[in-house]
């Protein structure tokens, strides 16, 4: 028994290093996608302190809009631009209808509001686009398909999907883009300021309401990118929502306010989940992917309640 | 002068003469506390004697509140010991301090906002109530008898603090001065041996301060409760307290009767000369 | 009909005897309640007897003997009520005094009465008594509330329960003690002195009115019969115990009828306590009804528009037909229908909120009540009536019988009361309730009570055609303007005072060319107006000096003038100039009596410069006034008071005079 | 307006601290119970009982359970669906093992299992607060759901992977299984819900309920008053999970007859959470109101187009329901974050002080 848990998995890893690398790659790719969802959370949390439960559904919604528009005969790239527009309208709407009236409410109320938003978007999305899964318009967007096999050692073979590589590249681009945006632009600096001090942000000359609309829009674009990537790997459907919950443990690991934390947290969860599922899963009948991420986060939390990059909390009386 | 008039006894004035040494209730020995390198308290020693009103004063950031937090187990000092009723205390959780008879109020009122005045004060009786879950579920019988017995005690406190009119008002709706009074009531409901008051008169007007001072003296005299209080208003401190300890930048700079402390040059320099 | 209406007959003629009888006949009925520790602590008549007996025996142990005077000082508490009967049982005479009177005033009363014992509420009263150096007769103090008194020397000081314990110890030791105690007062007669009440007196030193058991018991019995009160009544004891009204309603009538007296938790909670108890029999001076109405209207101001409209609509219906329905007159069917709808929508809930749901009879007296205020309550279907009474009469002189309610009269002579009007217009009466004498004041007794038992009330009035007494004013206050026009200050003041914004008014004019007034604004009502209109103010003084407030008050005064112009007798005394006082009139400064009546001459002296300014044509005057705070400290209020002029209205003939 | 409180004074603490100190409230409560126990059984048809009343009561109970944890003790939970599942599976196993035992008793016992599991997942609450705790409960949700799928013993190795409730009789009356009459089920469910709601009301107004609220309102102060945080929170987790467990067991035994792991998915957790939020955190009455709202609104919406003679696909209605529920949640949070119970409270207060505005 102990052997099965503590020794055998590593023996297997050593015995088939190519398979291990394949697993790690899979983990890396899903980690990237988790990180992208988490990134959306972080953006909004940083700027407004709102824990946006709806980020996952925004991913699906963005993906569905894109595909849906294309199905209606809109050219792929026009559809992409229109979708960005839709996300902008959505961000503006959320700011007006949800965020502004709820300003200064306790965290839990805001969280609940985003859960309400989730329900609304699910209903709305299904009502407009129907409930059945859709195929992502990968080729139409000139994204690579197919795969490359890399010879590994004597008889090993690692298979890399092109779309996964593209996903990684886009993720890197997106993170760098956001970093630039935060550090180099006026709005970006205001956004950072708002995270620290609302008054300071106002002195930059941008209203809080504008800032919120902007971050929700930014989160919407991140969601669109995530949706395209994810949709290209599987299909676009509301089943994705469950996957989006995984962003929670990612954030727990990385801390709610840290962009690098979101990336690293995403990767840890991605790697951990795939390794766990492949090497330890069979011991208990498999399928542990559905909860492993949470347990990892939970164990982590017990030892470091403030997350990887969070500051230590000193409670004051 | 009639027969009855002669009967009046003037209550003993504090400080008048050094009374026989009272038993030490709590002793703080060389306590130091820091947060990530920032020293909040450095090497402080003093004691609190049974039945006295002990004031802890000092400028903002002098470490007064941290000191109270150490005493009731909310912070654990890195160095030094605390002796409570003759026993050196090891690391202690706040609820353990509570069960050993240490109650407190807070600088910024920390009432349970969702509850009424009555329930807030009832919450102070938590430790005195023992009926287990199954009786609580039934509510009738022992659990209700217990609840009623404690309600009666709580009503004593309500009567004592003259807050009958707000008995069933949610505390969130009360003005600040009354909230402070309810908080005192909640601490009193614990029937503490040592009562820690963190700026009981902060933000009060003159009349409210007078009321509160009267309540503090009454608590001390009627129930014999030992009181340690932090206060900014020097007049109040001088009137109320038997002995005063003065902190500045986490260090003790004076300790003694109010008059002595007031006369100390170091205190004048560090504190009294500084306007707040 | 009351079972115990005949209680005063036969040999049951003193309160200790009535207590025995009640304990026997009504033993398990609740006699008394006090809201204490959050609930209504209750005592049955049997319980009250036990408590009273124990305390009485304890007092005897302490040395109380027949003829001793016992001061009772404090708020309405069961212990203090029991103390009175406990003292009476030993032949001692209770002397309730106003608990909020300043030490000097109280000292005079207690010294004058030569009290040997004092039963007081708490430390405050104990300290007050201990500070009275010249009160040499006082031998022992009993207190009810131990807080703060722990460290006092208890040689001549006892806690109430400790005294009861002494009494109980006697009972435990000696099986015959209870019977002996009862025998002790069996020989007391109805003509013995029951109680001494000091009248607050608008002038001079307070006088000790000695009332016999007969005075009180017979008056109380008559009162009970008149309004068919029995042991099922609930009353709220919240008025000063030293006042004859409370003594009769909360003790004499309660004992004779056997009903339940409820003591509120504290002064701040009286409204809530009244709501909880819902008294069936209620007494209040007009100002209580006034302030209650003010608060009702102020709160309704904050109601939503729709609700306010509905309220106003139904109050209109009530004004139109409420009183008629109450008096059993004919009312159109539609109005009757609307009124019953109003009962569901407004009147019922309103009565519920002010605790009058169960009210059988309500009385107001002491001063004239504003007719609007009076009508308001009556139109809700509340049987509110006026009575006219005095300490010297054991309250009752005249009463309004059910169904014969006129706002401007105080009713018909109470049972067994004879009434006559002297040549100078002063009202005289003779009744079983007429007091024995003023204590140690032969001269005053003779000046007030004639050889054949008629008492001079000091009020001017006349008996109207319908047999009802109508009071105009204090006999000595009714005066004339220089042009010979009649000047009745109280009449004018009362007209002013039923504007919610005006709390108090003092009119001047006797021997002057025209009438003028001082006005006190009502801080609750005007304050609420200020809040609604974003007017900032830090003090009464600042609000009183506000030009908008002045304009508002000027409107009110003008309205009164218009009214006066319509009354032939009064048209000449229209108000020509007025000012709003820079401070509130206060009993602590001696400006009001303890029963909150205006002390006109005192005010005239104190504010002489202002009166001068009213008549010398100046438009403002700077004043400094010394004020006394409740704890005896003094301070100065200083400011400039503005004076405004009004144009009188031409006299008109009152067409609807017949309607009055 | 209908309240006539004048004259209702209390001479004992028992009366003052009664569950319904105001007479009119007692009368209203009596009326509600009379309607539930007499009028509805007399008047309602099977559809109304099966599709509206029974699920409403089951959800009410689950909402009460979650409300204890989230509303009273202030610990956010997203795992109530799974705890309901634990109750369902436990009851199923119990009745499989003890086929002759009284199934109602077994349903009540099943809650003990979910209470234990709930307490285990509550352990981290000592160190973890607020949103972080939501992750713990999500872990419970997904882990338990996985257990329902992967541990065949739980569903007696059925090929379908679902549990199907066998026929059981209590005192000769069929209470579970397809043949059980809706009315029988209704009475059982109603009785259990009423009794548990009453017991919960008792706990809430005693020392334990106060301790929960102390932790919720200000955990530091609570600790300094002598409340032991761990015990208190675990008790809240335990009691909450017990009630959810019983609700979960009732859901399958007296309503659905059969259930599969997806019946107790995160969707159910959210549904219960919505009931609690819309109904009102920290209110037992609110739990009923929330359950009624969330359960009955979709039923109503399903019938609404029919009333206007419009044919709408069932699917579309479901989607619209989602949208409406989502929008309503946001609307309520904006207008009255304390839910229907607070609206009810405000309304009641208005009636009490009528005609005054306050």
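Per-chain residue numbering starts at 1, and chain names A, B, C and D are given in the order in which the chains are listed.
Criterion: a residue touches a chain if its C-beta (ideal position, glycine included) is under 8 Å from a C-beta of that chain, and two chains touch if they have at least 3 such contacts.
What you see is a predicted model, and the numbers here were worked out from it, not measured in a lab.
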**Asked** What shortest step count links chain C and chain D in the network of chain contacts?
**Response** 1
**Request:** If you tally C-beta pairs in contact for every chain pair, which pair wins? Let me know.
**Result:** A-D
**Item:** Centre-to-centre distance between chain C and chain B (centres being mean Cα positions), rounded to whole Å
**Value:** 44
**Complete:** Per the C-alpha means, the centres of chain A and chain D lie apart by a whole-Å value of 33
**Request:** Using mean C-alpha positions as chain centres, tell me how far chain A is from chain B in Å, no decimals.
**Result:** 51
**Item:** Shared-contact residues (touching 2 or more other chains) in chain D
**Value:** 13, 220, 224
**Request:** Specify, in ascending order, the residues of chain C that touch 2 or more different other chains.
**Result:** 38
**Request:** Mind pulling the residue numbers of chain B that touch at least two other chains?
**Result:** 74, 106, 110, 151-152
**Item:** In the complex, chain B residues that touch chain C
**Value:** 1-5, 7-9, 11, 118, 151-152, 155-156, 158-160, 162, 164-165, 167, 218, 221-222
**Message:** List the residues on chain C that touch chain B in their complex, please.
**Reply:** 36-38, 129-133, 135-141, 147-148, 150-157, 265-266, 268-269, 272
**Prompt:** Which bits of chain C are touching chain D when the two form their complex?
**Reply:** 33, 38-42, 275-278, 296, 299-300, 302-304, 307, 310-311, 344-346, 348-353, 355-358
**Asked** Which residues, counting only chain D, touch chain C once they are in their complex?
**Response** 1, 3-13, 15-16, 353-358
**Asked** Which of the residues in chain D end up touching chain A in this complex?
**Response** 76, 124, 127-128, 130-132, 134-136, 138-139, 142-143, 145-146, 149-150, 220, 224, 266, 270, 273-274, 277, 315-316, 318-330, 333-334, 337
